[in-house]
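Think of it as A, B and C in the order they're written, each chain with its own count starting at 1.
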Amino acid sequence: MVSDLGPYLAEHPILEGMRPEHIQLMVGCAENVRFHPEEYLFREGEKSDRFYFLRHGKVSLELYHPKGGGAMVVQTLGEGDVIGWSWLFPPHYRNLDGRATELVRAIALDGACLRGKCEADHELGYEIMKRFAHLMEKELQAMQLRLLDMYAPTH
Amino acid sequence: MERAELGHLIDVLQREGREVVGPIFRNQAIDIGPITTEADLPIGCVDEQERATYRLTRNGSARVFGFSEPAASFKPYIFPQRQRIAAFRREGRGFVDEHHEEPIPRLALFGVRACDLAAIAILDRILLEGPYVDESYRRRRESCFIVAVNCAQPGGTCFCASTQTGPNCTFGYDLVLTELHAKGNHRFLIEAGSPDGLEILEHLELSEPTDDDIDFARRQREHAADSMGREMNVHGLTELLNDNTQHSRWDDVASRCFNCTNCTLVCPTCFCATIEDTTSFDGKQAERWKRWDSCFTLDHSYVHGGAVRVSSRARYRQWLTHKFGTWKEQFGMLGCVGCGRCITWCPAGIDVVEEIEAIRGSDEKVREEVDHG
Amino acid sequence: MHQLTEPAVDVAPSPDVMLPHRFRIDKYRKDTADTFTVDLVPVNPDQPFMYQPGQFNMIYIFGVGEAPISISGDPATAPKLVHTTRVVGTVTTAMRGLGVGHELGIRGPFGRPWPTDHARGHDVVLVAGGIGLAPLRPVLYHVLANRSDYGKLVLLYGTRTPADILYQRELQQWRSRLDMEVFVTVDRATPGWRGNVDVVTTLIPKAPFDPLNTVAMICGPEIMMRFAAIGLLKRGVPANHLYVSLERNMKCAVGFCGHCQLSREFVCRDGPVFPYDRVRDLMMTREL
């Protein structure tokens, strides 16, 4: 089962070009998961070490807001995206709710497991950090563009 | 042609039903205005032009064209400062075109210098020779008869020899005059540049020019070309300006520029115009007016939400870069004819020749020739 | 020399290009809080009027003035005209106050169109932001009407909030078609919104098209267009297959008045649609 995930991880856009031995090290921390619509991948405030490579389906990142009983959708993510930063930084608490809005298939990585491997193999650690830093930069830029409120009325 | 025949030429043009406009003395300067007799011409006037300086004196000379370029160009006569371009009447929930047609005077532009001829050719290129034709300009332009004059007296701010638009008239006229005034001899060389011009010549009393006349005219032309008040290196200006949009000189000139729009108003090639809509008090009549505009105003670049060129730096850069750079990309020619009016009439004393040279002198782009060298 | 977009349709020139033709409002719809759409028919039914996707008209409101507004209808239904506009100035405010049966003046069509010829045989990717969908809609009509001439058809559309989404019913119809892909996203979600939440550029990496064989047309705020172009380039779309539509002050629409200049370009005449590589640097020079 575990050995089957290698090819799936290797073809994920974020991990493109990663050396096979590094992929294999990651596979050791990986697990195939699925979530049904309306199921939560995680909840705000949870202590969690997991993160997800999305293979299929959509996930809504939300913050509960008491007015109107609903949630504010911060961002939606889908196929090819990575969800979850909290595994990287102590104390590893979730800042958002992650809710599946359709059937979601993903590869979940055990953060503690991968952190251990990164500490042991800094070359793997550097590869992963580079890719996550790039991901964060892209997310930050998207946030900046949204913050500009580009389509706002001009008068 | 004898000097005395000049008045006759004006008469002939008027008898042809033309309104003659040319250099006149007005408001302590030489302006362009109506001429009914040769006495309206600023005979014996001599001007002194420098940056932000214009001084006119009468030296008692009999010379008719003893001054350099007039304060105004002929532009207002072919491209009016303000003109009605349409009129509509409300009718029910719609409107009807009143089909107004402004009467176009039959003009004779008299005493047009080479720089202003070149400026007219530039306006022709823009308003007549592109994919669209400016109808009101076309009608005005086609009704013009042009009597040019070879410039014998370039002013202190002139640089038409650099822009290769003068001082001699080589095209674009119906008649061209060369004033020959020396040692008691006062005559005009007159040449036709069009069939209309030839026709006018038939009404004048002319004699064949002598070899001396022709030689004098040649020497005068050469002398004029050599006595330009200024000189500008126009080589590679488009690239120079396009590559230096961030040059610190723009800040420097912006700190001196008042954004008064004078340069664009006296410029014989500035063609920016805006449209104004007006309605009658009862709301039943509406008119559309076209009037000169200037890239030095904030409104010029206004897009909903604000102006694009907010800073004075950007507006000056637009003007200079357009005139000397992008104009060439747009119309295949420089937008400047070297008449120097923008230098004379800038109240801040900004000199385009100096600004261009300042940028060239500290070009922030390493040129390719240097790269490969 | 840079490549230009295709020349405008050869329309018999009006005797005076500054004189508007009368059109009557045939339909009026409010699209969103600050946008509306009018269908216009010529008062003189013999009035010839043809246009290409991406061209614009100068719309004259009696006594108020003129504004440049892109044509957002189906070019095949000319001389009927459809204009979707946002209320941003005196002309569009006055226009909103008009109703069915009222007349307005039209000068046009002006400008260079979207590259529907260049796009033939390619996948067509349209990236629209906000009101930017309106000038792109004629491309959708054209491609759908000539479907076999084109590869995949993908619309990536971003707006501020769900309430700002234009043409909602039509988007539903397009989304249900098997021969095109529609992705919509909003910058800010509101309760009840079940779609994507993120900036429109984030749709680019995931959209189904063959980058090397794609022509992309981008329309929206300039910042959005710049970042959309970067996203498309990253996907591998060649720079000379990207097109943008620019907006500047316009008074005459024929290159006479000087207002719309962007360096060497007259946006009215050389644009509004430009090959991206021709205006890339100009778009990034401040206050040009």
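Assume a contact is a pair of C-beta atoms (placed from the backbone, for glycine too) under 8 Å apart; a residue touches a chain by one contact, two chains touch by 3 or more.
Because the structure is a prediction, the values reported are computed rather than measured.
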Chain pair showing more contacts of the two, B-C and A-C: B-C
Chain whose Cα centroid lies at the greatest distance from that of chain A: B
Innermost chain, taking as reference the mean of every protein Cα atom displayed: C
Gap in Å, rounded to a whole number, between the CA centres of chain B and chain A: 67
Chain centre separation (chain B, chain C; CA means) in Å: 39
Intercentroid distance (Cα basis), chain C paired with chain A, Å: 36
Numbers and ranges of chain C residues touching at least 2 other chains: 88-89
Touching two or more other chains - residues of chain B: 304-305
Sequence positions of chain A contacting 2 or more other chains: 154-155
Residues of chain C defined as touching chain A within the complex: 34, 86, 88-89, 129-131, 158-160, 164, 185, 187-189, 191, 193-199, 201-202, 205-206, 220-221, 223-224, 227
Complex contacts: residues of chain C adjacent to chain B: 13, 15-20, 22, 24, 43, 62-66, 88-89, 101-103, 105, 247-249, 251-252, 254-259, 261, 263-264, 266, 269, 285-288
Interfacial residue positions of chain B with respect to chain C in the complex: 85-86, 88, 90, 93-95, 97, 126-127, 130-135, 242, 245, 271-275, 277-279, 283, 286, 288, 290, 293, 295, 300-305, 308-311, 313-314, 317-318, 321-322, 326, 329-330
Residue numbers on chain A that touch chain C, as the complex places them: 13, 58, 60, 68, 70, 72-76, 78-80, 101, 141-142, 145-146, 148-155
